[in-house]
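Some notes on the structure that comes next.
Chain nomenclature is as follows: A, B, C and D, assigned in order of appearance, with residue numbering initiated at 1 for each chain independently.
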């Protein structure tokens, strides 16, 4: 994994406008995972647990696709507009993140 | 989705031996999701959040594959040994769960 | 990967009833891949090629889910009915195949 | 699906430098699919067919990731440098393609 940018020192990231919405979605996912824990604890039927795992995975994928879209719309687009090596690095970095998502 | 079995009335599910281990894994995943919430809150770099989402998705997939294996090793195997319609239903149900996992 | 069964010496596999249908589906997929080759040759728009790749991947996944279902319905069920080590091995083998599918 | 660009009238697409390499990879995938057809015809063991399906799916995913990277490196970067609505449309289009890939 290449890291095209140092830490977020003063940089406003693209997803910030939606920050509250992402936090809410992740809190809901956290609740779903806690629900999975309870299902195991209560020895629920395997298949029902698996259905719930699929739902959580889908919800996480959705969050990832949203973040990726925001990232491309802001960081990648800005870097591409500036051009040069930073643009190269940002796009390589995004491609690598997409590959990791697809394989996860 | 077909439901081959009523609720867990007195049935001991296959994953029970590993119950504590599954609970621990899910608690760790819950912690990872809370970590994602903090990353968004702290406006961490998108790509780093995406890397972490991929890690959580992989961890969930692993739990799902484990549960599925336990389920086949116990419920499906028992039903298959008994044969008849229940065996049919159990296998159809497992196939449907696998399809949902693959598409999630 | 564990191999629970030697080669198909005289064994009739579960998918055989649908053999012609599987062959037809795979021939269609082969045609779709040839279509992809032509798209690249004709320098079609990347996004259109990607859409077509997604379609082929989905078609392959469908074939895999069908084969897996047939396999469980026949080989795994038979082995489970017979019980013992062969049942163990068949289920482990199926679990491993599912894990490979999910990660591919 | 949004289509940000009319047909490839005179536009040189990003992947063109690698055109021969993509054609070769797709021809190899076509050969693998033909191999799958033969496996079904010869009634090979299900699990071995599934292993081969996973290999083909992986190879297709690799081609898709390569094309996507080329596309972002060229079309998306150029559009982003130009800015405005075309940039918006190109990034939306790429995001949608990524979503389709992840769900396929």
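Convention: contacts are C-beta pairs under 8 Å (C-beta built on N, C-alpha and C of every residue); 3 or more make two chains touch, one makes a residue touch a chain.
What you are looking at is a predicted structure, and each value in this text was computed from that prediction instead of being measured.
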Chains in simultaneous contact with chain B and chain C: none
Homomeric contact chain C-chain D: same or different residue positions, threshold half: same
Chain A and chain C: spacing of chain centres that average the CA atoms, whole Å: 30
Gap in Å, rounded to a whole number, between the CA centres of chain D and chain C: 20
Distance from chain D to chain A - Cα centre to Cα centre, in angstrom: 22
Residues of chain C whose C-beta touches two or more other chains: 61, 68, 94, 101, 103
Graph class of chain-chain contacts, one of line, ring, star, complete, other: ring
Chain A residues touching chain D - in the complex, by the definition given at the top: 61, 65, 68-69, 72-73, 76-78, 80-81, 83, 87-88, 91-92, 94-95, 98-99, 101-103
Complex contacts: residues of chain B adjacent to chain A: 1, 3-5, 7-8, 12-16, 19, 22-23, 26-27, 29-30, 33-34, 36-37, 40-41, 43-47, 49-51, 53-58, 60-61, 63-64, 67-68, 70-71, 75, 93-94, 97, 100-101, 103-104
